[in-house]
Structure formats: structure tokens, C-alpha cells
Amino acid sequence: MTTTDDLVTTLTDRVQALEDRLAITNLIASYGPAVDSGQAAKVSGLWTEDGVYDVDTGAMHGRTEIEAMVHSRNHQSYIHSGSGHLLYPPHITLDGDSAVATCHSQLVLRDNETGVYRVARITANRWEFSRIDGEWKVTRRVGRVLDGGDEGRGILSSAL
Amino acid sequence: MTTTDDLVTTLTDRVQALEDRLAITNLIASYGPAVDSGQAAKVSGLWTEDGVYDVDTGAMHGRTEIEAMVHSRNHQSYIHSGSGHLLYPPHITLDGDSAVATCHSQLVLRDNETGVYRVARITANRWEFSRIDGEWKVTRRVGRVLDGGDEGRGILSSAL
Amino acid sequence: MTTTDDLVTTLTDRVQALEDRLAITNLIASYGPAVDSGQAAKVSGLWTEDGVYDVDTGAMHGRTEIEAMVHSRNHQSYIHSGSGHLLYPPHITLDGDSAVATCHSQLVLRDNETGVYRVARITANRWEFSRIDGEWKVTRRVGRVLDGGDEGRGILSSAL
């Protein structure tokens, strides 16, 4: 192998890692638009078939349960009054075919009577990803409210 | 052509696509700082000469109309009381010399009497870009309030 | 030197610049999770040994003073009631071994009595970075409240 070949091999690995980071960033950035427009299959398709979305009120297992959340009376009421599931730029740790992303999110809801918007909650998020058949998918997302309790802070500190 | 040459050609395309994504990300990230500091020419310069910024209250056509919005009494009142035109990480679809980005935004305004900040609105944004003379420019940005109506949700679902 | 060697050299520089941008993005994205989970050493470790964090109430010089802020009664009260130091996507200007990033941030606080969240402030941020022994570190971060005054707007306009 010549020096040039070595350099090209190294560069290919570096470019792959950059592509992985931007693919994960783009995946996370699609969650809010999908969930706030009620596209249940787009939301659930971000996860693996048996992926887990674990929130304060319980854990959803697999795509069917995640889609049920999007179709739920509660969520439909949010998006038909005006809602923003807002995600902040994630900190990403990449390790070959898996990755962890950590970020804050904010839920903004509009009161349909008054038209007033309010910050309903802020949440600590941990996303775990695997590369499956060349595509990044969420295997597990954990969200815990930042209400001063240990769990929310624990999510934020776990990945750093 | 040798295998190494082929690899280098492929790598060059991949690096270009990464640069394009980060250039678009950086462009979007400059909108808020420019508009909240009242730099009308910096704001309008993100668009092509005849670019369109289409918002709930009507569409601005071309840089002069976009600059007029920045100079408007309304906008000047916002930035001299304290305002944040806050953009969330965009989902980007890249297709050669054009691209579409989709993101939420949030307008936070400060009440000059009380000093209290409030979320004035959340908005669904669709940005369309073209590469013009090697530089990415906005050809059209559409923003629609997320108030439970079809238009806001439609913007969010259109690009996914 | 052959043409292929030249191409590889150019590509290596371009890949380095992309890695630098993502490293800076990732560094900024770790601030919020670190500060909201009270990890003082992780927060201060983002800065150089003698780095400066200059905020409205005064400037912290060096890691010890930054850690003291995290340990302060005020900050501990925030994170034990529920707080989000939320950072928006930064505009980054890269110049070899130094860089400047500009972004908005938002402080959301939860009232421990009522459980209500509010936007306590929005802030204009300028981050200055240096590459030290191959690693990006903050040499100076300046934050000024966006309250309609000149300083906040000045931070936003300075980097564009």
C-alpha cells in the first residue's frame, strides 16, 4: 500500500464519521416536524421495529405503541390547538455502529381559548442509536422532565 | 482510472455534500442574530435578489421588501424591547444544487414595561435554497404559525 | 506530486475543517447538559485554564471561578427546582486554529411552588475558541441579555 492509499483509507473513515453525525442530527431534527404534524408512521419509523420510547408516564415498546401515542386524544388535542415539540442541538457520542445523543427539549402549547402560548415543560433526553442495514435508527429514547428531581439531571449527566 | 482515483472522486462528492449541509446550517443560524440586531442588509443578503419570504401576514418579494420588514416600526419596537427570533435545528434534504430545510422557530418578546419575557408564537418554517455562483441562497422561506390550523402542520409535513 | 496527491491533500484540509465545525458544535451542545446537571468540572473543562466567561453580572476568570458559579447557591437552587440553559444552533466562523460562534440562548426556570415554567431571559452569546494541543477549548464566552439595550444586539452583530 502506498502512502496515498493509506491517506485515502483514513479519509474515508473520517468522512464516514462526519456523515454519521449529520445523519443522526438530521434524524433528531425530523422528530419535531413529524410529531407536530401528526405523521405517526414517520415518527415511529425513526425507531427500530422494537425500539423503546421511555417517557415520564411510561414506556412505549415498538412502533405500534409509538404510533398510538401520536394518534392519542391527548396528542391530537395538542397539535390541533398548536404545539411545538422543540429539540435543542444534541451532544453526540459516536462509537462505530452505535451512538448516544443528549439534548434538552421543550414543549410549547397554545391555549385554544386565549391563544396564549406557554412553556409546558422542559425535558432531558437521551437517544440511543444503532446502524441497522446502513441506516441509523433509534433503539431507545428516554425523556425525563426537568423539575428539579434526580432523574432529569441524571439523563443529562449520563452521556458526558 | 485506478481504484484510488475512483475513491478520491467519490470522497470529493461526499465531502462536498457535507460542506453543503454545514453551509446551509450556518446560513440558517445567522438569520436570528442578524434580524435581532437589526442588520437589514445581512438579513436580506441571505436570500437571492428576487427571493421570497412568505409569512402569515403576506409575502415579501425581493431584498428591498425584506429589508423594509427589518426597518419597520413593528420590528424595531421588538428589538428595542428585547426579542429572540429563535430557530431550532433544521431537517435538511439536499439534492445537488438545491435543498429544503424544515424547522420550528419561536418568537420570544420582552415586555418593556414589566421586563417579562413571553413566547409570542411558534412557527413552522420551510426554507428552499439554491446554489448560486457557488454560494447557497434562500429562494423562498415560508413561515406559518402553529396555532392548530392546517397550514402550520402542512409546512412541517411537506418536507418529510 | 501527482494530481491525485494534490486532491488528497486538499480533501484532508476540507475534512479537517468539517471536523472542526462539528467538534465546536458538539462542545457548545455539551454546555447545557453539563450546567443543568451541576457537573462543575465538565462545565469548566470546556474552557482553557485561564478562559473567561463574561456575563451581565460580571466576568469569571479561569476554571475555579466558573466552577464556583455552578456550585453557587443561586445555580443550585435553579437546577433543584428545574432549569434549562437552552442553546440555539450557533453560527460558526472558522479561521485555522481559532473560531467564533454566535448564538441565542434561553433560560427557562420552573417555579418550585407552582410547578410553572417561564422564560426567565434570552441572551446573546459570543464564544471564542482556540485549538490547544489538538482540542478545541473556549477562551472567552460573552453573554448579554436581550433586553432592548445596545450590548445584547452588539454581541449578535459583532460576528456576522
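Just a few scattered comments:
As written, the chains take the letters A, B and C, and residue 1 is the first residue of each chain.
FYI, contacts are C-beta pairs under 8 Å (C-beta built on N, C-alpha and C of every residue); 3 or more make two chains touch, one makes a residue touch a chain.
The model shown is predicted, which means the values in this text are computed figures rather than measured ones.
Between subunit A and subunit C the CA-based rotation angle works out to 120°, given as a multiple of 5.
Subunit B and subunit C touch with mostly distinct residues; of the residue numbers seen at this interface, under half occur in both copies. Look at where the CA atoms of subunit B average out and do the same for subunit C: the two points lie 22 Å apart. Contacts with at least two other chains are made by residues 4, 8, 11, 15, 18, 88-89, 118-119 of subunit A. Interface of subunit C with subunit B (complex): residues 4, 7-8, 11, 14-15, 18, 21, 88-92, 102-104, 106, 118-122, 124, 145-148, 152-154, 156-157, 159-160. Those residues of subunit C whose C-beta lies close enough to touch subunit A in the complex are 4-5, 8, 11-12, 15, 18-19, 22, 25-26, 28-30, 32-34, 36-39, 42, 79-84, 86-89, 108, 110, 112, 115, 117-119.
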